[in-house]
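Order of writing sets the chain letters: A, B and C. Residues in each chain are counted from 1.
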């Protein structure tokens, strides 16, 4: 029982991070129909920039919470600029190009970002300073850190904010209009390019936040962290139904839970044959199974092929 | 007459067009160049580069296999390297001290290709009805599943030897003639890299032959119809599921065969060679070269293997020459430049370096059509 | 209407809903061999939905249909093409990056058999079949009046040519029934005239034609019989002249336009 609860807690924390990153994938996909392969690297850049900013300020005598906040603001700003630049340089010129062309530029951009990060921050693992209160609490036999509670709450708050932005504001309406039909939206006076830029910037800010969350949770930052996280988050977005905001959130949390429960129980289930190394296998099997039965993901629209 | 013109140029170059003396000349020049390539490379750049050329051929085979799936049938497969892995491990497990089995390569290689084909069908049958990007993530997941299994199937029963991989794999041996030995033939000394070069060249040419024949056939047209518009294709009576599965199985078979050759050539394999990066790289070769066009795909494969190697050899010394010391880790620098090259090439030529539509333009007798084509390579296609 | 032995396509009680919206309800039609049958109705009346059902793209929620006497509802599109139903699309769906000739050659797929082996070896049978495919495709292109080089990519043909190419591609499948979804949409008067001539040739060759059209003049001048859909229901069926005078039809659709 304790392990079950513990795995659920771990899964929720990890899932919140996945959800935030998945939102970035799904927003871009919804609006451009494009897999933004470089998004995972934006997460990494967010974590790295935050780390650098925090290291600069940590001995300035400011209260730790303020240092963290400053780090977040710097990282989010940097990532927004990065997201904007990626879209301008690598995607916008290819908007009418063959479908796979932007996929290749995205791969190119992520290779560039990863190696730039390696050149700037080095190959080694960096410790991410613990700025949040981190005392463990016992909860029915399971341990939960304050950092973890903060991560889940912050993720929830941000997601709620995003839903309000998309469904209740003028900007959000423009976003949905562009996603629905860019040409018609343009005719109605929506500045498509501006909307797309804002979408990339919003997604990138979420990515920065997610990067800081993972770093704070594990206390480690590494130039390669974005690739795997990005892959998982993309999986989560597809699981939930790519292009759908709630789907990304659901998919993220579900994937976190599946992984952590899978890792915790796969050994028992398979009579010890499969160890916890197989947690990723488990996640992908679930993904494939879900897509076989629901080809558009859990919350994806079931669009009959338009004839 | 028109039908002749429709045939791809390379095909004419390879099989010759009896009426055209020029084609024969090109064909002969190409053949001589390909025969001399390993020796010329060794003389100019050293033996290490012959090995790199061998790898380029392996990757060209992979890219050609994936081209059937992505380029012809329009199915984005991000886990293609898994079939390469299946072929390689099949070869390694049946031809190494791992299980003490040493089956001959002409048994193991086809077996690996068949096994890969079976995996392709296994994956494709339930998933090929998924739309574009959903299929992409499913294949990506499949690729990761295979890699994770290879990485972990060393306990409780040791099958794959886990992350350490499998060592001392039997070389490819034809009769008593081992390709991993040095041989004296016709007064010329052939080292293993040379011998493997000729083997890989033969297989690559075979794959090109198969691709060209399929491309210009009822099956190939059905693939392209599905790529262009799946709904219209099914309304025209094409059984889209079966035809897509066929593309998937063909691609997987080529991948498996290339994998077996890879295992025999290297003598050592580990799961590291079969990661997502490799899958993505093969996709890049196909798209950057020009999907659907054999020449473009060969170009893409060669370029994406040779360019990083050239950068590897250039990044360090160039810095030395410019700044007198190594400022930036050459490994990072070369990948940085490689990434930049991917972006720039795609921005410069969104349909690939040598797109299939352009090839058609080159063959087209009609100047007006050629002009229209020029404009539209950059707009329509999606 | 009672079922008649000369019926090629017989729809009975077809119903289709999208979410809560009934796109079609209880539509029954019978289309006789050798006629040109027109299907008209205002936008959103369910005409294209009906097309998608008889070509297997959608499955009906209620009812079914027989084609040439055999039941075919809930069939995959390629099986219906095999059975002899070919179609065009309202918003042209050609294989844009294939040549005009290749587009028509794809249409021959369903009536030919060369597989992997034949493609690889190019044996006598495969070569003969390929020659026949090319020859037939050229005939059809000529018949459809596409006199550009046959190597032109489909996307570079003019609008009218694209419409006609779609018809040629459909004819290549050797259909018994050719279903055309607004073939004259966007055509000028000359193009419409040549389309009309083409459809008459097609009918003369023994192929039944089912036509969705907005161009009332075309329908009235060409069709043997006409059915009118409105809000997913059949509100009239009969000879063009009778239908034109039907008050329900005038109210629903034709209005002043027909006068």
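Keep this in mind: contacts are C-beta pairs under 8 Å (C-beta built on N, C-alpha and C of every residue); 3 or more make two chains touch, one makes a residue touch a chain.
Quick caveat: nothing in here was measured; it's all calculated off a predicted structure.
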Middle chain, criterion being Cα centroid separation: B
Taking each chain's C-alpha mean as its centre, the one farthest from subunit B: C
Geometric centre distance via CA averages, subunit C-subunit B, whole Å: 42
Approximate Å spacing (C-alpha centroids) for the pair subunit A, subunit C: 47
Separation of subunit A from subunit B, taking each centre as the mean of its C-alpha atoms, in whole Å: 32
For subunit B, residues contacting two or more additional chains: 231, 381
Where subunit C touches two or more other chains at once, by residue number: 55, 57, 89
For subunit A, residues that touch 2 or more chains besides their own: 305, 307
Of all residues in subunit A, those that touch subunit B in their complex: 29, 35, 89-90, 93-94, 96-105, 107-112, 114-116, 118-119, 123, 231, 234-235, 238, 242, 272-275, 277-278, 280-281, 284-285, 287-288, 291-292, 295-297, 305, 307
Residue ranges of subunit B touching subunit C (in the complex, touch as defined): 2-3, 5-6, 210, 213-214, 217-222, 224-225, 228-229, 231-240, 246, 250, 356-357, 360, 363-366, 369, 372-373, 376, 380-381
Touch list for subunit C against partner subunit B, complex: 55-57, 76-78, 81-82, 86-87, 89, 93-99, 101-102, 105-112, 114-116, 118-120, 122, 126, 129-130, 133-134, 149-153, 155-156, 169-170, 172-173
Sites on subunit B touched by subunit A in the complex: 70, 76, 126-127, 129-134, 136-138, 140-142, 144-145, 148-149, 151-152, 155-156, 230-231, 276, 280, 283-284, 287-288, 291, 328-329, 332-333, 335-336, 338-343, 346-347, 350-352, 378-379, 381-382
